[in-house]
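What follows is chain A paired twice: with chain B in the first complex and chain C in the second.
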Partner chain A sequence: MTAFTWDNFLQLTVNGWVHGTAYALLGVAFGLILGVTGRFHFAFTFTYAISAYLAATASTDWGIPFWPSLIIGAAFGAACGMVMEAFVYRPLALRAGAYALLTIFVASLGLAIIGTNSIALYWINEASLQISGFDNRGINIGPVTLATLDRDFMIVTWALIFLLAAVLRFTALGRVIRAVRVNPEMSLVIGVNPLSIYLVVFAIGGFLGGVAAVFDATKTAATPDMGFNPLFYAFTVAFLSGLSLRPLLVLAIGLGLGLIESWANLVLAPQWTQLVVFGILFVYVALRPVHLQALLNKVLAPVRHRQRAMAG
Partner chain B sequence: MNRDPIGKGVSRRDLLRYLAMGSAAVAAGPVIAACGGSSGGKSSSSSVAAGNVADITKFVPVDTAHSGKGMTLDMGVVLAFSGPGAFFGRVMSQGVKLASKHIVELGGPTINPIFKDHKSGDPQAGVTAVKELGFSHVPMMLASYVDDLGAMLPGQAQYKIFTMDGGGGTSTFGQGKPYFWGMRAITPNDAVPGTVKYVTDKLTNVKKVQLIGWDLGPLDDPIVKYVNGVVTGAGLQIAGPFIRTKVGATDYSAAIQNAKSNKPDLILLSIYGNDPGYFMKQYVTSGLSAPVVIFEFTADAAKVAGSSYDGVYFAYDYFNAKKPDNGWSSIFINDYKKAYGTDPDFYAANYYEDTFAMWTVIQRALAKGANVKDGTQLDAAMREDLSFKSVYGGDANTAGELVLNPASHSVQKRPMSISQYKGGNVTPLAYFNLNAADYRLA
Partner chain C sequence: MQLQINYVDLILIYVIFAVSLNLLMGFTGQVSVAHGAFGAIGGYTLAYVFLNHHWQTFAGMGLGVVFAAIAGIVVGIPALRLTTEWLILLTLAFQIIVVSLVQTLTQLGGTYGLQNVTPLNVFGHKLLQPTDLLPLFAVLAAIVIFICWRMGESPYGRVLRGIREDELACRSLGKNVFAYKLTVFGVTCAMAGLAGALLVITNEIASPALFSFDLSTTIVAMVIFGGMGNLVGSILGATILVLLGPFFENVLSFNAQKAALWRLVAYGLVLVVVMLVRPQGILPEGAAPIRWVRARMAERRHEKLSPELELAELRGGALVDVAPLVDEETAPPPVPHVGALVDAPLHDDTLLEDAEERETPASTEPVVQVYGLTKRFGGITAAYDLSMQLNKGTITALVGPNGAGKTTVYNLLTGAIRPDSGKVLLKGEDITAMRPDQVALRGMVRSFQDVRVFNRLSVLQNVMLAVPDQPGERVLQLFGRWVHSTRVERQVRERAMQWLDFVGMSALAPFPAGALAFGQQKLVALARVLATESDVVLLDEPSSGIDEQWVDVMLGLIEKLRPQGRTVCIVEHNLHVVGRLADHVYFMELGRITAEGSFEDLTSEQRLAEAYFGTA
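So, the complex of A and B:
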């Protein structure tokens, strides 16, 4: 574990913000798809990895600068998500009826495995690919060091999350997405085709996941199975946020999770800190919001009673 | 049964890729190559010319009366074909395949490799592989990851499978185990005395040393105890407790921060595969500037790390594909490049020479009239003479020598070096053997 000093605490806080930002982006991307379409898109692992591979090919083999490569990779991730929805999930959902959730989950799992192995086969002579074109350096701010890649990642991610929040809150597209999420049948009645909205949602989720993947691969390297671990974080954050369509809430939960995981280094050895995240998920699942609310009501009851007495 | 997950066919796409890789290798020659100098402590300023496969007999004597010609022998090869260490499985299996081909051409038996995947250190996969080999009565095998981190040892004893590990060696926990032999220096232990000697000689500002390594649970304890003993024995201090990292991790921010708070002057990094590449990528932006010693160099990890490998030290039984130590090594490198379009790294070299060592044991067993399809009799033949010809060391006319210890089952003689990666070149700085014996500056 890391010694408890002010410098260490500050550095771990910065690390936690960086990790939390990544978790938030993943949670927003995955939660948007799951929340609106009800599809458990396990093949998110594949679209994540293929985005990184395409960005690596663009930046290294084609000589395209980093930022355009990022957009190419993320756009390809978005396109893959749309193709899966149009040609795999949708036909299955129409045929499977009441069993659609399970059928799509199994199909998605299959796509993830096929996709991951296809990447490994196609790039059979490369254990990993690198994304070039980003000059990553450490910046010292007092006792804290922040990598330029992490700085730029946070700026881009926060901008995307705020942009998505604005789109969902203030635009016609956002209202339609929210409407489809609440009641797809009713949206059909008012002239909105939910299947088209599903495609849009897969595109947005795939793009955001792709952005996370490209930064991840720039920090480390693109590998065929690089999407599995992020999927679990995406699922955890999306689940903890109650599949909310409020990206800023998801951002707050992602940051909280990242900070708790990072601060856990003060009491745990580094290899155990990941357990904290899944411990939080376990506690949440065990207590569930309804129980948490009941617990909160019980704790706050005397306070409320006193307030009412004072008011009345 | 999956006999060969790698596949032997070469498609048009493979061919194009090999050509591309070949071009890349030429272009990146100085990057990967330069792993210059001898690993054997002998002068090797000039390359040894490559000959034909038949010339191998000049370096590795063949007992023509007991060569096993016409026989077909199954050999289990349990490697990491999937997971984060898939790179190892690929290059190691290529070494095995090339050796099998050479052995047939030299009048030896057809060694039929039965490839199994331990999924980069998954103990269950290793146990399953050994069980399958045992059920098929396979008498011999090559393993990696210290016999898949020790999980395959009981199976080998139960099914009497004679085993060599040229990937992880015996480490500390696989020493003296029945049927199991480590064919490379124990990493990091065997390279640490020579490394520490170099550090005290040349990096005189180093006072505090931090060890970071894979989390292997209790298997780490003897490694840490040994390394700490060597470090403190040389008058240096331990900066902080051993920092464990997950095998195959990509995020090292917590481990680096942990190390940072201990303010080390030097980091000994005992992680392998592509992990050191990921580590160094994050290390160079962490604000820590202490020099790092890694106990393995692979071209793949160097590719992952990019410029963050600049200035990093490497200490291990180092194989030099650009300046081969001996004539046999030249033939191997030449044929390997022809077959796979790239230079062999030290793992490919280890599994190539280990397959030859298997053949040597087979010849000794046949000469005694023993049954070569019985692991116990192969093990007995091995114990009679624990020295083997090696592609490491030696000179233009003589192969190097690999000698094993009868008690530990690990190497007791293995040329190693400490080198430094700078500006795309790896430059040897000092050569040494086990316990820093024969230490000399390059």
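So, the complex of A and C:
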């Protein structure tokens, strides 16, 4: 547990802001895929890890600088997502009809297991891979320390999220994505092929996840199972934002979650803080807004009844 | 030898996991990716009380089972109202929370877990070797398989399958879906707790790694691979997937690390390939290898197979397997000739005997009374100050334009939604705040505009599900009064066949209801409603979406309910139907009843004639 001082509080706030930015990026990426395509893309955990591994290979083995390596890694993650959509999810969705959600979830679970263990088999002699080429230093801003990697990560992430928000809001592509999300069958009638849009969405989601993965691995290291925890955060943020196609809302929720998790250090031991996030997810799912509203209506019913009676 | 027996022990543990998850997932439709977490609760409880309080192993195991059951019920309560994606998320969150918790709590050993949970002591005998554990594990696995089989392959299991197919339809037939789901959550999670305890005994340690998310996905893989809704499939799935480990290690001579990774890759491949190639698993629901062998033997003896077995043979052993788990080789069911249906006896002697017993002339005796019923959805008033009455032995029609609130009235009467104000009396009893199943049990059932048959259940099972007072649907009687419930099951089958005869659908009894034409499904739905033997029957657009010949069949059947003393209400747009059937008509507009009387009264009102009937 961290003692409460203003300096500590500010540092925790900055830490929470950085973590929250990462959660937001994951939430945007996963929420976009699930929200538009309806595919419960569990193999996101694999595309996340493979992005980091490819970036590590590019930067360390091939000697490519950090930023191009990041783009290579993220692009490969996007490509993997597109391949899964084209060759596994799409055929399954066409066959499974109303049962597609569960069928695709199970297949995606299988892809995640194959992918992460294949990484482990391929790099069986290395427990983890490092990404090189980034000069990570601490910057002191008053009482707060911020790493350059975190600073750059926030700049890149915020820029990507704002860019995606602008694309979805103002461009023809964005309108088509929103249309497909609302009614894929009807979009066919107006000449939009939803399956092509699904591929685009998998590409965008995979790329955003890949960016998060490369920064994550640069901070620590790339490991085969590095995608599991981020995936759970992605679930949490995406569902808390109601699978919204408003990236700025997702950003706000991600930041909120990051701050709550970070501030929890003031009252809880560090090992408990992750439980706070998943506790929030559990309670949210158990008492979704619709149930909360029903509960509220039940509690307020006598009050409203009295008010109506008095008004009458 | 001990190594091989150790694998057998492991298979038995995974059989317990897989069979119990199948009952939850395959039969009841409740997806869970947290079965490993419930195992953790059982395993950690045993390890904790064994190490810290020196409890006997069996006592610790029992406590673990109880804790896992309680946890299952706690998770099951919010799960009752969740759709699949939310259920996946809920169980996923639970899995992470449990593993994080055991990893965090120093009392539970943190990352290293609780070690030296050894050895198992049974009446003073220490079970040191895998061979010592085998008989105990075999007995426990047999008990679990027996319980799951008894619950799954019985009237109880039929209800579970009904819940999986359509919860609302199940509730409207008088089944307490909440109780069923909670019971299954509790029982299956208790079994997972038992398997978790056995896993701890085998490994002599309770650690987060032992109960990680991998364990849960492995169990899911076993169920999917074996076949959802087929317990034999789960046993096969668990056996094959456990044996993959030694296969890679011993047959392909991989080292232990490599073999473990290859085994996991194989699990993943199994999931993907099975979903792509054979989504119903190696043994689909309804496929019974033993029955298949018996059928082959009977064939050899040139014995005639029963029609049900013949059909099962046609379908590759799967009686109730439809899209998306559809077997492409399946022949389409024969569609009965409409003429044959019209000519078919629309009654059955036994049913008519019953009808005569309760036959009463059309009366003014109110069976259902509605007073001032109001329901608002936000700013929209779906029903406002509705008052109406359904009399015994009469047919009442509820007509009005689309969006008038007719179906909402059915939802309000049957408890599917709660009114904001007003009262509904059924035979004098206030049923306003009751659930749909409580209303159905008191004698008022409904059909649905969109039919809502249980697609993957056979036509016969659809109707059997509706027959009231089945002891086999209650878990205690299922086990406590086996002979009685088996005897009643035969009667239920006969009764259901009589109702199918009544609607002319008995020829299609063994086929999955989802494979029938819409008109046929409507007749099955009617048989299902009638099989509840309820006094009040609410039919939602019985003639919509079916052609004229089927309409005549349907109307003939509904007319036969009146002399049985049943109270019928129909929501209908087809004025020909209303004119032929209705003794009394309520006209609804914008959530209000604006006119009532006989069909002739209403059609002669100029305003209604111009606005709705189009006969002015």
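The rule is short, and it goes like this: the second predicted complex is superposed on the first by the 290 of 312 C-alpha atoms of A that agree within 3 Å, B and C clash if a C-alpha of one lies under 4 Å from a C-alpha of the other, contacts with A are read in each partner's own complex, and residues count from 1 in each chain.
Here is the rule we go by: contacts are C-beta pairs under 8 Å (C-beta built on N, C-alpha and C of every residue); 3 or more make two chains touch, one makes a residue touch a chain.
Keep in mind the model is a prediction, meaning the values are calculated, not measured.
A.B. asks: After lining both complexes up on chain A, report clash or fit for chain B versus chain C.
C.D. replies: They clash: once the shared chain is superposed, the two partners overlap in space.
A.B. asks: First (chain B), second (chain C), both or neither: which does A:40 touch?
C.D. replies: second
A.B. asks: Based on the superposed arrangement, let me know which partner A:97 touches: chain B (first), chain C (second), both, or neither?
C.D. replies: Once the two structures are laid over each other on A, A:97 reaches chain C alone.
A.B. asks: May I ask you to decide whether A:145 touches chain B, chain C, both, or neither, giving the answer as first, second, both or neither?
C.D. replies: The first partner, chain B, only.
A.B. asks: Does chain A have more residues touched by chain B or by chain C?
C.D. replies: In the superposed model, C touches more residues of chain A.
A.B. asks: For A:63, decide between first (touching chain B), second (touching chain C), both and neither.
C.D. replies: The answer is neither, since A:63 touches no partner chain.
A.B. asks: Just checking: does A:271 make contact with chain B only, chain C only, both, or neither of them? Give me first, second, both or neither.
C.D. replies: A:271: touches chain B and chain C.
A.B. asks: What is the contact status of A:120 with respect to chain B (first) and chain C (second): first, second, both, or neither?
C.D. replies: both
A.B. asks: Which of the two partners, first being chain B and second being chain C, lies in contact with A:109: first, second, both, or neither?
C.D. replies: second
A.B. asks: Just checking: does A:8 make contact with chain B only, chain C only, both, or neither of them? Give me first, second, both or neither.
C.D. replies: In the superposition, A:8 touches chain B alone.
A.B. asks: In the superposed model, identify the part of chain B that clashes with chain C, out of 37-45, 145-153 or 289-297.
C.D. replies: 145-153
A.B. asks: If I apply the document's touch criterion, which positions on chain A are contacted by chain B in one structure and by chain C in the other?
C.D. replies: In the superposed arrangement, which is not itself an observed complex, chain A uses residues 120, 124, 271 for both chain B and chain C.
A.B. asks: Quick one: in the complex, what on chain C touches chain A?
C.D. replies: 31, 33, 77-78, 81-82, 84-86, 88-90, 92-94, 96-97, 100-101, 103-104, 213, 217, 220-221, 224, 257-258, 261-262, 264-265, 267-272, 275-276, 279, 323-325
A.B. asks: Of all residues in chain A, which touch chain B in the complex?
C.D. replies: By the definition above, chain A touches chain B via 1-3, 5, 7-8, 11-12, 15, 18-19, 120, 124-125, 127-128, 130, 132, 136-138, 140, 145, 147-149, 219-221, 223, 225-226, 262, 265, 269-271, 273.
A.B. asks: Which chain B residues qualify as touching chain A in the complex?
C.D. replies: Interface residues on chain B, with respect to chain A: 14, 17-18, 21, 82-84, 86-87, 90, 215, 243-246, 250-251, 253-255, 257-258, 260-261, 274, 277-278, 281-282, 284-287, 300, 303-304, 306.
A.B. asks: Provide the residue numbers of chain A that touch chain C in the complex, in ascending order.
C.D. replies: Chain A reaches chain C through residues 34, 40, 88, 91-92, 95-107, 109-115, 117-118, 120-121, 124, 228, 232, 235-236, 239, 271-272, 274-275, 278-279, 281-282, 285-288, 291.
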